[in-house]
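Look at the two complexes coming up: chain A is in both, with chain B in one and chain C in the other.
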Partner chain A sequence: MEKGKISSLQMAFMLYPTIVATAILGIPSVTAKFAKTDFWMSPIFASFIGYLTVYLAVKLHKLYPGQTIIQYSEQIIGRWLGKIIGFLFLSFYIQVTGLIVREYAEFVVDSFLIDTPIIVVMASMVLLCAFVVHGGLEGLGRGALLFIPVFLIPQIILFILVFPDLEFKNIFPVLANGVMPPLKGSIVPGGWYTEFFLISFLLPFLVDKKKGMRYGMMTVFAVMATLVIVNLVVLFVLGPTTSSKVYPLMNVARYISFADFFEHMESFIMAIWVVGAFVKISVFFYATALGTAQWLKLTDYRPIVWPLGIFIVITGFWSISNSMDLERYNVNAFPFYGAVIQTLLPLLLLLIAMISNKNKKNKQSNTTDAPMK
Partner chain B sequence: MIKERGRVTVREKVNRHKSISIILLLLLTIPFMSGCWDRVEINDLAIVTAASIDKKDDGSIELSIQVFIPKSISSGGGEGGPSQGAGGATTLVKSDVGSNLSEALSKLQGKVPRKVFWGHCKVFVFGEGLAKEGIQEQLDFLLRHPQPRERANVYVSKGKGKAILESLPPLENYSGEVIKELSDLHLGLRVTLHNLDEMLTGNSQAVALPFIKILPPAKGEAKLQGIPYIFGTALFERDKMTGTMTEKETRGLLWLKDDMESYTVTLKPEGIEGLISINPISSRVRIIPYIVNGNWRVSVKVDTEGTVIQNGTKLNLTVPKSLKIAERTYQKDVEKRIRLTLLHLQGNGDDVIGLAKEFYRKYPKQFSEAENDWERIFEEMEVEVDVTSHIRRQGYINKPAGLPEKEVKDR
Partner chain C sequence: MIRNVGKLLDKRKVKKADIRQPDQDSKPEDPLDASFSRNVETFRSIYDKCSDVMFRSFLLFGKTQAMIIYIEGLSDIGGMEENVLSTLMQEKTVASQPLHEFLEHKLPVSKMKRVKTIAECIESISAGNPLLLYDGEGDGFSLGLSKWEKRAIEEPVAEGGIRGSREGFIESLVVNTAQLRRIIKSPALKIQSMKLGDYTKTTVAIAYIDGLVDMSLITEITERLQRIKMDGILESGYIEEMIEDNPYSPFPQIMSTERPDVASSSLLEGRAIILVEGTPFTLIAPISFFSLLQSQEDYYQRYMVGTVIRWLRYVFMVLSLLLPSLYVAILTFHAEAVPTALLLSMAASREAVPFPAIVEALIMEITFEALREAGVRLPKQIGSAVSIVGALVIGQASVQAGLVSAPMVIVVAITGISSFMMPRYIAGIAIRMLRFPMMLLAGTLGLLGVMMGVIAIAIHLCNLRSFGVPYLSPLAPMKSRELKDVLWRAPWWMMDSRPRLTGEANLYRESPEQGPKPNRGSEEQ
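The block that comes next holds the complex of A and B.
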């Protein structure tokens, strides 16, 4: 099905923007609503679910090498139940991809292309991503490698330029109301960390499979570090007003006035946003396309890329009526939805797989005298 | 052999098919490239340089915008400075009335042939009348709309804000620029839209904005050639203006906010004839809140360094004893200024220094409990002011100028 191969580094560079891209723009505000001045800690607490998710995906892949969750779920719990699990995953990924496209377009339309119909922004992005997905995993991996500087350098420049406006005292009081507020705040970013389960669709195609776990964990750490830094910068600039902003990082970029010369830096945010969203949507799209093809037992996933693309645009367009709805979905539904599908379900599968494997081993060693391997 | 040939042609056909489809797809993307809906040409924009919001007597909101006229700069520029009348003006002022800011704007748009663009508006002036009745409702527009910048400075004008925009200052191109430049000199408070938002949502619920008025034109200048300048501070309780502070008290506030940059402290040493002027070069202000036995206290520690820029006394500042006298006077003077401001603020219960925030940061629990009582606590609070002053440099001469050697004290 997929003949391309990627390196672990490419995998890491695909996953990093996939998580960070949409998490840096709006999430600080949501986290701040729960955690007040401690919201910079929330990504640290939330990252544990990321480590767990990567661990589960890698463990499952070790038991069933070369297969994705769509394939091995059938082996673990039987054909029909496996198909149901696969369907759950696919419907989840199609819907979430649609919502990511919507989220991307919502910001673009909100701040830059005010008069442009949102469907145009969504469709053109999905068209672009469809090309990449159609080109295969190798192209996607190389693209991610190529785009990572475009994603990282504007962030670094932004943080340097905003330095004079940082008020470090905003961090106080630390943990004024105990650990509960930042813990509550970590639920929403936790939803983003569960997206690390996408690694399950990439692991089968790694050249250096042994490094998969290490690079996966490193990516979780890098994402955590980035989110903590972004949250701190937002806190230092916006202080108590953070929770009232829809896109706090955008406000930070707009506030830059370095030497009366570097001003109006929102184009940096735009670069980060477009590139990040492009990689993110492509990776989700790829997982969806590959998964669907495997679920339907097709020989190739390329023919279904275009129809899926249309399907994704439509889900994004119709499942949410306005941007307030989208925010509510991101806060109230997604963290739990994402955690159930992408962390709890794999956890269950792994437990069942381990138990049944042990039983099998016991049976085999009981019936035949020959030792295993 | 033949087999291979056949295979090659099939592959070629596939390739040709592929390249045609790629070209077609590329052509398909062309309509998306132009971005037709949001195409904006610079000559379709009315660039707002300053805006003022006033309240009329009947309760409606009057929005005035100062719009930049591109023609005035592009045609040579050096037409002999500001000529009289509208001919030489680089901006024009338009205003309209509505029940709120955005309605006034939509009506105003009907009078301006280009699309109003807020992205470069660096000055927002609230008229005194509106400020007294509350600015929160109109502030919402400025923070919600994607164009106005959080970096823009906010002012309150004495009288109507529109008059500030209408003045045609001789030195700068337009009055918005004058106020912005004056703010950059740190002569008065400098408050951005974001600062305002932060003060309103913060713990102390008190706001201080620079208060501006027009300096009447000098003799021989045209009628509108007055210059707006910052002459004090407008104090707000929540979003309503409740009082003002004089220029002198504002300086004390600048000390407390650690925003002292460019003005001169002139002192009269005790028991000595003449005055010494000192330019504060650097200052470090620390505000330390304490709660001791339920008593809320604040200690203000100021560490400042200055340069002598005029010495009208007979003191020879190279002598340690005389320098001590000057330094002590400097210290006392700064302390006095800060106390004067504190007295005013505590008298009115306006915590514009942000002491509430400092207490919240250090004592979050106690503050949350006492939050409703904060105004009383602030008014009764004991404040220690502790100033350390150093005079570091004396300029190019080491004795009072033009004084015979024997008249200088403490040679």
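The block that comes next holds the complex of A and C.
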């Protein structure tokens, strides 16, 4: 089905923007709501669910090498139950992809292209992603490798340029109300970290499968570090007002003023950020397309890319009526929804698989032992 | 989408039958007849109404009938008279050995080939080698006495330079292969040739260095070349389009050069060269995107200069693609990003302009392209007139008339200059062409549109291959060793390995640790 191969470095570079791209927009304000000035700690607590998810995905892949969750769930709990699990995953990913597209478009339309109909922004992005998904995993992997510097370097420059505006005393008081507020704040970013389960759709195509675990864990760490830095910078610049902003990082970008020439760089930041959003949507789209094709037992996923694209745009409209709704969903529903599907379900599958494998082994050893007696 | 529907209907698709009329003159592999007079008759009918084909009959030993057939202007008549005709016509003693052996011993011609079929005879005559027919044994001789007018070796026009060889390829294939052989004197330089084109019978040669090249590449190139069935090949561009990997890409996947030193350096990197009779432009395959941005002179100059110039080229390549669209996008959608003073002066100059920025940009860019194209095609004497008119049209007059703003003229001018900075003309054209959709995207979606265009191009490049080699290698997929020839131009004593994807067969090209360590003068004496 997928003949392309990617390296584990490419996989890491695909996953990193997959989590970070939308997380850096909303997470500072959401976590600040719960954790006040301690919200920079929340991504650290939340990252544990990321490590767990990657661990589960890699373990499952080790038991069933070369297969994705859609394929091995059928082997673990039987054909019909497996199909149902697969359907759950697919419907989850189609809906989530639609929501991400919507989130991206809401951001762009809210902040920059105020008069542009949102459908244009959504459809053009999905078209672009369909183009890359149709090209195959190899192209996506190489593209991600190219885009990472484009995505990262401007952010680093942004942080350097806002340096004069940093108020380091904003960090105090530390843990004034105990550990609970930052822990509560970590629930929402946890939802983002569960998206690391997408790694299970990429692992089968790694050239160097042994490095999968290491690079996966490193990516979780890199994401955590990025989110902590972003939260800290936002905290240092905006202070306690962070929670009242919708896209705090954009507010930070407005503070840039360098040599009286580089001012109001938000539109450039947005343009750069689009690269991250593109990788994110493409990876989700790819997982959806590949999973659907495997679920339907097709020989190739390419014919269903375009129809799925249309479906993704539609789900982006269906489930959400406006951007307030979207935020409510992201805060209230997604962390639990995402964790159930992407972490609990795999955990369950892994447990069943390990138990049944042990049983099988016992049986095998029993049968081989029998003639000895 | 359409392609997918097509796939569903695939079963009904029947491969189109080859309905071409083959070349009437190309006879099947008929052997020459035993009878001399019948052979002569055959050739006279084949070369009916060809006034440039000469038939000269004479007697061998004063009794055996013989004939020389040649094409006027393609053969060395002096050499033929002196070495063939005079020798044979004065020979009186009847030989005891068979005639062909006798001729081989007697004729003072270095390149002689015995021919037995009519097809071989025609090939020999067409190539300018006179054909010697004689009575008795049903065969003939192709005499290597071809000689025709050709251009002298000159400095290549399209690939100039300051340092390095000034020799360029010419239209004659043998001269070109000789130039390669003069640079690479090893017998490992292999040159395989074939004839393509029903009527033109153009000689096409694949050159490679045995031991450096991946032999599967040569088989692949040969296969792709043999698939070409068309009536004529006039230029290597025909072949380029017939054998490239993705015909629907604006980017060239095969590079052309008219410099023997460029061709040789590609050969030494494990690439293959395709030389075509009748054109100085030889093809290089496989290439990567970065080959198009590298000039041979980068390697001849000091490495720091080479590196700086390379980066200058990268920057201006991006500018030539993006500058007009960035201007349009910022002016139309993101005016707040422009510093106030600059914005005011730009707004002032745009005040009288009746068009929106995107229309203005399109008008100016199209005019500029028209001027460039006119400049290329026109005779040199009129060229200066075009440049004067052009300077007026896209310069002073249009600004004064209030049709175009002055910043736009500057943008177009910078874009124009930067697109000429590409060392490969074809790559420059590809990027110039992509500039127009980028401008439209900028005019509709602003910076977002520009970014989407850039992503689309990047993804396209990621998926592109040239004879199996990823187009963006060594950047994506990353080969960190080879970035030494992309991110900078490593000094020669560090350039120890060939590009992995073309030169894997024999990776190292120099001994390690050759960095200059001067002994003399290093210590106080």
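In this section, the second predicted complex is superposed on the first by the 365 of 373 C-alpha atoms of A that agree within 3 Å, B and C clash if a C-alpha of one lies under 4 Å from a C-alpha of the other, contacts with A are read in each partner's own complex, and residues count from 1 in each chain.
Here, a residue touches a chain if its C-beta (ideal position, glycine included) is under 8 Å from a C-beta of that chain, and two chains touch if they have at least 3 such contacts.
Source: prediction; values computed, not measured.
In the overlay built on the shared chain, the residue A:I160 is in contact with neither chain B nor chain C.
Contact with chain B, but none with chain C, is seen for A:P240 once the two complexes are overlaid on the shared chain. In the superposed model, A:F147 makes contact with chain C only, not with chain B.
Of the two partner chains placed around the shared chain by superposition, chain B is the only one that A:Y255 touches, whereas chain C remains out of contact.
Set against each other, chain B and chain C differ in how many residues of chain A they touch, and the higher count belongs to C.
Look at A:D110: by the touch rule set out above, it reaches chain B but stays clear of chain C. With both structures placed on the common chain, the touch criterion links A:M125 to chain C but leaves chain B unconnected.
In the superposed model, A:G139 makes contact with chain C only, not with chain B. With both structures placed on the common chain, the touch criterion links A:F278 to chain C but leaves chain B unconnected.
In the overlay built on the shared chain, the residue A:L296 is in contact with neither chain B nor chain C.
Once the two complexes are overlaid on chain A, the chain A residues touched by chain B in the first and by chain C in the second are 112-113, 116, 120, 124, 131, 260, 263-264. Within the complex, the chain A residues that touch chain C are 7, 9-10, 108, 112-113, 116, 120-121, 124-125, 128, 131-132, 135-136, 138-143, 145-147, 260-261, 263-268, 270-272, 274-275, 278, 302-303, 306. Those residues of chain B lying in contact with chain A across their complex are 25, 29, 32, 35, 37-38, 119, 146, 149-151, 184, 192, 194, 197-198, 201-203, 360-362, 364-365, 368.
By the touch criterion given at the top, residues 110-117, 120, 124, 127, 131, 169, 172-173, 176-177, 238-241, 244, 251, 254-255, 257, 260, 263-264 of chain A touch chain B in their complex. Against chain A, in their complex, chain C makes its touches with residues 1, 4, 7-8, 330, 333-334, 336-337, 339, 445-452, 455-456, 458-459, 462-463, 470, 472, 475-478.
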